[in-house]
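If you scroll down you'll find the structure; I have some questions about it.
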Amino acid sequence: MINYQEILDKIYNEVYAEQYRGKVADYIPALARVPVDKFGMAICTIDGREFIVGDAHENFSIQSISKVFTLTLAIDKAADTLWQRVGREPSGNRFNSLVQLEYENGIPRNPFINAGAIVVTDSIFEGIGKTKNNILRFVRELSNNQTISFDEEVAESERIYGDRNRALANFIRSYGNLNHAADDVLDVYFHQCAIPMSCIDLARGFLFLANKGFSPIANKQILNIRQAKRINSLMITCGLYDAVGDFVYRVGLPGKSGVGGGILAIIPNQLVVAVWSPGLNEAGNSLLGTLALELFTTYASNSIF
Amino acid sequence: MINYQEILDKIYNEVYAEQYRGKVADYIPALARVPVDKFGMAICTIDGREFIVGDAHENFSIQSISKVFTLTLAIDKAADTLWQRVGREPSGNRFNSLVQLEYENGIPRNPFINAGAIVVTDSIFEGIGKTKNNILRFVRELSNNQTISFDEEVAESERIYGDRNRALANFIRSYGNLNHAADDVLDVYFHQCAIPMSCIDLARGFLFLANKGFSPIANKQILNIRQAKRINSLMITCGLYDAVGDFVYRVGLPGKSGVGGGILAIIPNQLVVAVWSPGLNEAGNSLLGTLALELFTTYASNSIF
Amino acid sequence: MINYQEILDKIYNEVYAEQYRGKVADYIPALARVPVDKFGMAICTIDGREFIVGDAHENFSIQSISKVFTLTLAIDKAADTLWQRVGREPSGNRFNSLVQLEYENGIPRNPFINAGAIVVTDSIFEGIGKTKNNILRFVRELSNNQTISFDEEVAESERIYGDRNRALANFIRSYGNLNHAADDVLDVYFHQCAIPMSCIDLARGFLFLANKGFSPIANKQILNIRQAKRINSLMITCGLYDAVGDFVYRVGLPGKSGVGGGILAIIPNQLVVAVWSPGLNEAGNSLLGTLALELFTTYASNSIF
Amino acid sequence: MINYQEILDKIYNEVYAEQYRGKVADYIPALARVPVDKFGMAICTIDGREFIVGDAHENFSIQSISKVFTLTLAIDKAADTLWQRVGREPSGNRFNSLVQLEYENGIPRNPFINAGAIVVTDSIFEGIGKTKNNILRFVRELSNNQTISFDEEVAESERIYGDRNRALANFIRSYGNLNHAADDVLDVYFHQCAIPMSCIDLARGFLFLANKGFSPIANKQILNIRQAKRINSLMITCGLYDAVGDFVYRVGLPGKSGVGGGILAIIPNQLVVAVWSPGLNEAGNSLLGTLALELFTTYASNSIF
């Protein structure tokens, strides 16, 4: 049996020996002030074991990792029309690019780029307050952590510095692919990005993806087996923006990153691993987080390939 | 234990009931005259079992599936410089698009689009005749079939109708990313695409990818375990052109398709499955081949997710 | 001496014989209800003669023709920094495309595409009310018509259906190339597009461009000779969006069109001609207006080439 | 009456005072060795006067200026189908870009970018030798200079370093928009670019464009008045690649540049001016040549606007 704790400890030491830790996101003040030397990692297995190292209990802004939560809600709720409104192909472009959207008439390439995530949020929109509540309740249930809340300061900063996302939302709407007011949908979107969670929260929260759609944490079937597999499929082809190929080449797992420095990865039928290191590489993914996951699959011999 | 023969038979029946079988590639006469109702499928497991159905012993033009053979040769031989010359990201564009190449200064996105495969062939080029021999010897050894040869009629047709590939090769060369004469590299490239093989040939030939780099057929370590995993990683993010997301969503396996109607897919540590149905969907991948693989992972409950 | 009245009458007859009159803009109700069979044309010469035909005194929405007014104001007022914020090259793209803007980091190609005009309006912005007043006063003075006002219904419709322009403004702002709030600048922009004017108003209003910058109507030097020439230069390379080449090929004059069906054209040192026919061609320019101008330069042998 | 000689002398002095003269084209050796301090300028008026300054009698490689000669031949010979095969809109892209060609299915934007010029040459192709002869005879007649010939060294260099043009030609052919073999058409194309001519040759050679299509030099109607005007129209919107807007803004005339450092400009109904200075600006147009033309229209107050 693999000794995950030993592996985590080994990774921790190696990662801390790295000189260059990447560059913390600085487009909003609340992210810019996160210390670059934070590092945490957590593993939850489908048979109930948990392993952590470093700052695995410290909250950070999950940012784009929230796109997996909202996609899960949307698949459960709006799957019929969802795939007419958003594609399932890797974009090959930056997460906030508008180019492809214009060539493809307002249909975002996939639910994990900003444009696609905005459409997903629109698809589960039932008023600002109610949608925000639905998201929070869902995340709390999945992670079994009732203290999870929006960070209003971060959400407000996202709004203030949200010109690009406003451009995206209005652009999508100009193609008839946004059903609600752009500012309303963005209000929810900015909040979902501004959820602080820890590595252990995330590893617990997404355990259903490693477990055929059933969450042992919430003791509940979140998605059916086919739906859960398909979210993993989408993550492996689209989960890390324009660096997904490199990530899969190195790590060999489906994953989803956030600009707060978190990365989530799934080993189907085994476990979820969440890592956090706020310094980013050029593609906007956690530099040491990616390295940590690469070491993890090497030491555990546990990529899916 | 899964009864693969039963599954193949079931798939065969379902596939034959389909009314629409897609459109056979017609850009060269030799492909255009292949009957649309051909269908074959073959499975080779790493423990030495083989299962077939339909026209699994009939040869078809492997076309782009050859890109996996030449990439394997290049990784073995030119890995040091290869990843400076070609990327590892999905392209999000048609297999023969030049747009991205211009924006990215002659560095093809990945080795499985035409531009990337031309660079790969350039990287293993040692003269026209010798390179062609090297490729043929490699394919024969991997498939344990000494009768495999180039189809000179197809190769010549590829050359005659090869304006787009000539544009690609000269374009790449204009960026200094082709070391040999465009026409020479293309001569090899047109021949590698023009190899006729059967489903069983292909399933045997790529068994090393499911088996940590060791080919039980050739009784030889072809790549090391890390290299083999990485080819699978590249196939899952880049193996089906601009339809890779949809393929992985539906099938859940790394794969590589060819315009001759063949598709290869890998279940790591278990088996290789090869399917052939010459009718293509809009993305240029075998229509019923994709369906057959989707049914296969459903019935065998055997996607990697 | 050329008999302009005779020419106008001849054009009028020819144009009315045309079966197909194009398609009236229908993206907002106020434009959609304009009768397609309206047609007016007016000429003002620099020596004070005026000629009209048809509905030359009837008001229509000048839309993008307003971009020449605001550019004139900006050149007078903000010329120092203007050309760092907006280019002077034809875009080769639709008037409301965002693609180029992304590739060129938020610097619009020229002041006559929507993105560029929004930057121009931003450059003369001094608060919503004051900027609107400045524009109106300027237009009234140039045209010697104090009745010219904003059409608030059209302006409000532009706002309601303004998702694309909101996308543009926010996108530009995300690159730091918009100094004021996107919604504020757009408020002015939507109003400047919503000015109703007649052919004779326009011909008078732009007479300074044919007359070395001096307006005989306002009895005032509006721009210096070099500035006036340069606006004409910009119109000949950028004045008709992605159909400018065809327009210049056929008409041979610098011009500016609006989606309301108006087109303005300049014969330097001679005259201004304004035409209105609400039916548009595929490029969004007045179909019969373009034909009328082509006939005009043919009959008057008066293109600048 | 304007004293053109005085103006040329003044320009000559000003230009020679410039410190930075641009960068000589270095993609082929024969161009790279041209001294950067060469400068010549020639004017031919339609009433038979000629003015020169500096190296106006020295030959240089006309390069892309040849595109105006071949377009003239094509308009005379193949006009019916020409405009189905090539557009009339500015490209907004580098002269040798392939991007637009792909988005627009192999129809080049205009006859003055490389792709368009290759199609033009294809449209007048009657065998390599004959087409080359036709071009040479035409240029000699227009310039009244029987010594004009191809520079075979330059032509051969163009071929050797012609990967990008080979990419263009094969790409166009892949869309069915090249009727002859790519290498054959390119042979002619490389030769037409490799014609050495002087400023005075060029000014005489294109005098028909300032003179309603009639060449006083050849004493012959080369094009009808409408055709001649339209070539001027095309030059003003498309003659200087992606810097046409800036050129027209500064110079105010239709023109055509070549990478050899020559620029041709037309004042309709008055004169042709040709200038040569081998140093190029970033857009690939003669740096001091552009400045000289700007000074010329300023001193002669003679832009068309």
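As written, the chains take the letters A, B, C and D, and residue 1 is the first residue of each chain.
Note that a contact is a pair of C-beta atoms (placed from the backbone, for glycine too) under 8 Å apart; a residue touches a chain by one contact, two chains touch by 3 or more.
Keep in mind that what you see is a predicted model, and the values were worked out from it rather than measured.
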Chain whose mean Cα position lies farthest from chain C: B
Between chain B and chain A, distance of the C-alpha-averaged centres to the nearest whole Å: 32
CA centroid of chain B to CA centroid of chain C, Å: 55
Chain A and chain C: spacing of chain centres that average the CA atoms, whole Å: 47
Touch-based graph of the chains, sorted into line, ring, star, complete or other: ring
Each pair of chains that touches, named by its two labels: A-B, A-C, B-D, C-D
List of chain A residues in touch with chain B within their complex: 87-93, 100, 109-110, 228-230, 232-234, 236-238, 242-246, 248-249, 252, 254, 266, 268, 303-305
Complex contacts: residues of chain A adjacent to chain C: 97-99, 102-103, 163-164, 166-171, 173-174, 182
